[in-house]
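Order as written gives the chain letters A, B and C; numbering starts at 1 within each chain.
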Amino acid sequence: MKENKNFISIVLVLGMLAAAPLFISNDYYLNILTQVLFFAIYTFGVNIMVDMGGLITLGSASIFGFSAYAVAIFSNLGYGSFFSISASLLLSIIFNSVFTAVSLRSIGVGFMMITLALGQIFWGLAYRWVSLTNGDNGINLSERPNLLDFSLNSASHFYFLTLALFALTVININLFKQSSLGKSLVGTKVQSRRMYALGYDVWKIRFFSCLYAGLFTSVGGILFFYFNQFISPHALSISASTEALLMIISGGSSTLFGPLVGSALIIAIKLIVSTFIDRWNLLLGLIFIFIVILMPNGILPFIQQKFSRNR
Amino acid sequence: MLSCGFSLIFGLMKIPNLTHGSFFMLGAYVSVQLVNSTGLNFFASAIICSLFIGLIGSLFERTIIRKLSGNHQAQVLVTLGLSFVISDLCLMTWGGEAISVPTPSAIRGMTKFWMLDFPTYRIFIVLVGILTATFFYLVIEKSKFGAKIRAGVDDPDMTRAMGIPIHKLFTLTFGIGTGLAALAGIIGSPILSIYTGLDMDMLPLALVVVILGGAGSLKGSILGSLIIAILFNFGQAYLPEFAYFILFLPMVIILALKPNGLYGKFSI
Amino acid sequence: MDILTLNNLNKSFQGLKVTKSISLKVKRGERRLIIGPNGAGKTTLFNLISGDITPDSGEIYFLNQDITALPNWKRAQLGLSRTFQIITLFPNASIGENLELSITGVKTGKWQLWPFKSNKSSIKQRIIDTLKEVNLLEIQHKNVEDTSYGEQRRLEIAMALIQSPQLLLLDEPFAGLSTEERQHVSELILNIDRSVTILMIEHDMDLALGLADQITLLNYGEVVVEGNRATISANSKAKEIYLGK
């Protein structure tokens, strides 16, 4: 059964990731893996709407950034980490509700347009509302918090926290795919007309799925802030939203671990490339065009296809 | 002008061209380069560069966009990718410092108009805007070419069935829309100056105008542009922290009440 | 009792009047056939009844309730199910999974984020019963994309039947079927319990007339004549439409 195969794959991958620190002694590389994981959490969330819902958002960084800023602002107001995180998640759901309600006035290309416009508007807001966000200077965090006496200052501690959340993400999303809402969501992508006729409120299905997906995006944003101990408006830029999409499509949006593979790929390329040239955006654009035209299903399926054809 | 070009492409091809802002910026950069290198007249350069950029746009449509024919979402993604490429190429070529463009000497200074002094160049821009809008209105509504475009917007399948080469129409329209964006960028450059990020500042404005004014309608784009320009400018003057947010409200109101936009032919 | 009442429904598309003041009453348990030449506005009428499009004016009453302003998915939950002229099934899912999605549409438990096992057994039984009714039980695990057109047509009907509708709208259920398959579908429809009222659009006269109690003939968006088989055959306008002027 497909579900059993997936279960084994998930256990294997999580197992390997859990064992990774044993083989990686250098904190530098462990930190990279941590980043790959929280970006994967973020993009797994976005992929719920892209793969299952057929809705490509160009404004996912807005929710990501909002959650990060919320946690940053509350932390700097003196609130403890538990309160800051809870408040951020709650406010993010409200923010996402508004964002999604406006965006869902359309689907397909229209949805992309509205999410792009909204994304830019909130990026602009983060930039200019200096009294709240500190504008271009961003907001700093002097020290990573202790969560229940578990200090996040060490690389391995932070890694395991991220891995635990990543595991929860993968497990929950796979369960979601088999749930009634998950199946309904896929139904709205494949045959929305039929779904209406069957008694499904297609708008509500999309809306609540977006809220669910947004939770993972928010968690990614919060981890991002605590990891970097910094947040700036750049995290809400169109560049950031596009990178998230690129992670999804390069890894393969319909594969089991697509967003993880894509996340690793893009972060790796970014790191390697930044030592040679300064022009990441150029490369981002070129890779994007390349993948959309040649490998729209992602790199892994593309390679798989090539191999099976050669047999 | 920017929005008319955008609306043209979106109306006919149903693709929001996310490279539109980039062409706006590229046009400005290239024109300034041309003027500085050859001492060519501002206006001549404006026309030459717009045509040149329009050609690039057509080429892009012909090669890449046509390949993804039928898959609108992929086409949009590809225009997004190209916008990043152009943006960085501009950064590489012209650097990160803003370039200020001198107002062409022929139209400098102030003009008295009904007891108020207006910078002459701004009057010029308004006139060019009105001229372009009128020209395009006449072409789209009255000419045979315009009729083909209108047919393509209303019913692409039928247009194709009637033997009108819709692919060629697409390429041409994309080129024209792009050229318009470039021209807008060049003409606007003395006021806006040219800087990295100009593309991403202008793109959402074009998007919001189309959402507000409606897709596939020239009238809508014109009206939408006016509303957005007024709101944005007053917003920047009185509520600088929320200037961008000012765009949010009319967009939300229109989407909530009239998803087709003010004059739109179809809902986005 | 009238299960469905249409009062002066009007609908235009970009200036073209497709539905002109159509009024109609369907009795509970009836088998009503809607016929008419191409372009008469039959599918538009169906779309108005199911709620896929809204009328410019007029009212629709279903089970004595004014549903004119009710969105299509709410009408389905009231007991109004339909099939589509073009097959709108889920190709990557199995026949059984398609039916499961259908029945979940009218049950509670749609909003779960995790797969729960709660009322799975009653749903499973309902799926099996429906599969038996349309004779697709043996291939319930087959993916829809691997099935034949005839099997898909039967599944289309099953998707609507499994919801235990009060009113079933069948939009050209015989379209594109072979003679043998037509027989199967015809028997299927005949065997549907009279607790389900059926409204059907169909071009195949021979088959459809045998299934209908009452017939409504549409032309150019208007009702030309209504009645049983004999009334329609005797009507001069009907003869004109079908045999040419």
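Keep in mind that, in the parts below, contacts are C-beta pairs under 8 Å (C-beta built on N, C-alpha and C of every residue); 3 or more make two chains touch, one makes a residue touch a chain.
Everything numeric in this text was worked out from a predicted model, so none of it was measured.
Novice: If you connect every pair of chains that touch, what shape comes out? Choose line, ring, star, complete or other.
Specialist: line
Novice: Could you name the chain whose Cα mean is nearest to the mean of all protein Cα atoms here?
Specialist: A
Novice: Mind checking the centre-to-centre distance between subunit A and subunit B? Centres are C-alpha means, answer in whole Å.
Specialist: Spacing between the chain centres: roughly 32 Å.
Novice: From the C-alpha centre of subunit B to that of subunit C, how far is it in Å?
Specialist: 48
Novice: Any idea how many Å lie between the Cα centroids of subunit A and subunit C?
Specialist: The answer is 43 Å.
Novice: Where on subunit A does subunit C make contact in their complex?
Specialist: The touching residues are 172, 175-176, 178-184, 187, 190-191, 193-202, 208, 212.
Novice: Mind listing the subunit B positions that touch subunit A in their complex?
Specialist: 14-16, 18, 64, 67-68, 72-74, 76-78, 80-89, 91-92, 200, 203-204, 207-208, 210-211, 240-245, 247-248, 251-252, 255-256, 259, 267-268
Novice: Please give the residue numbers of subunit C that touch subunit A in the complex, ascending.
Specialist: 50, 52, 71-74, 76-77, 81-82, 84, 88-92, 101-102, 104-106, 109-116, 159, 163
Novice: Any idea which subunit A residues touch subunit B in the complex?
Specialist: Result: residues 56, 58, 102, 105-106, 108-110, 112-114, 116-118, 120-121, 124-125, 127-131, 237-239, 242, 245, 249, 279-282, 284-289, 292-293, 296 of subunit A touch subunit B.
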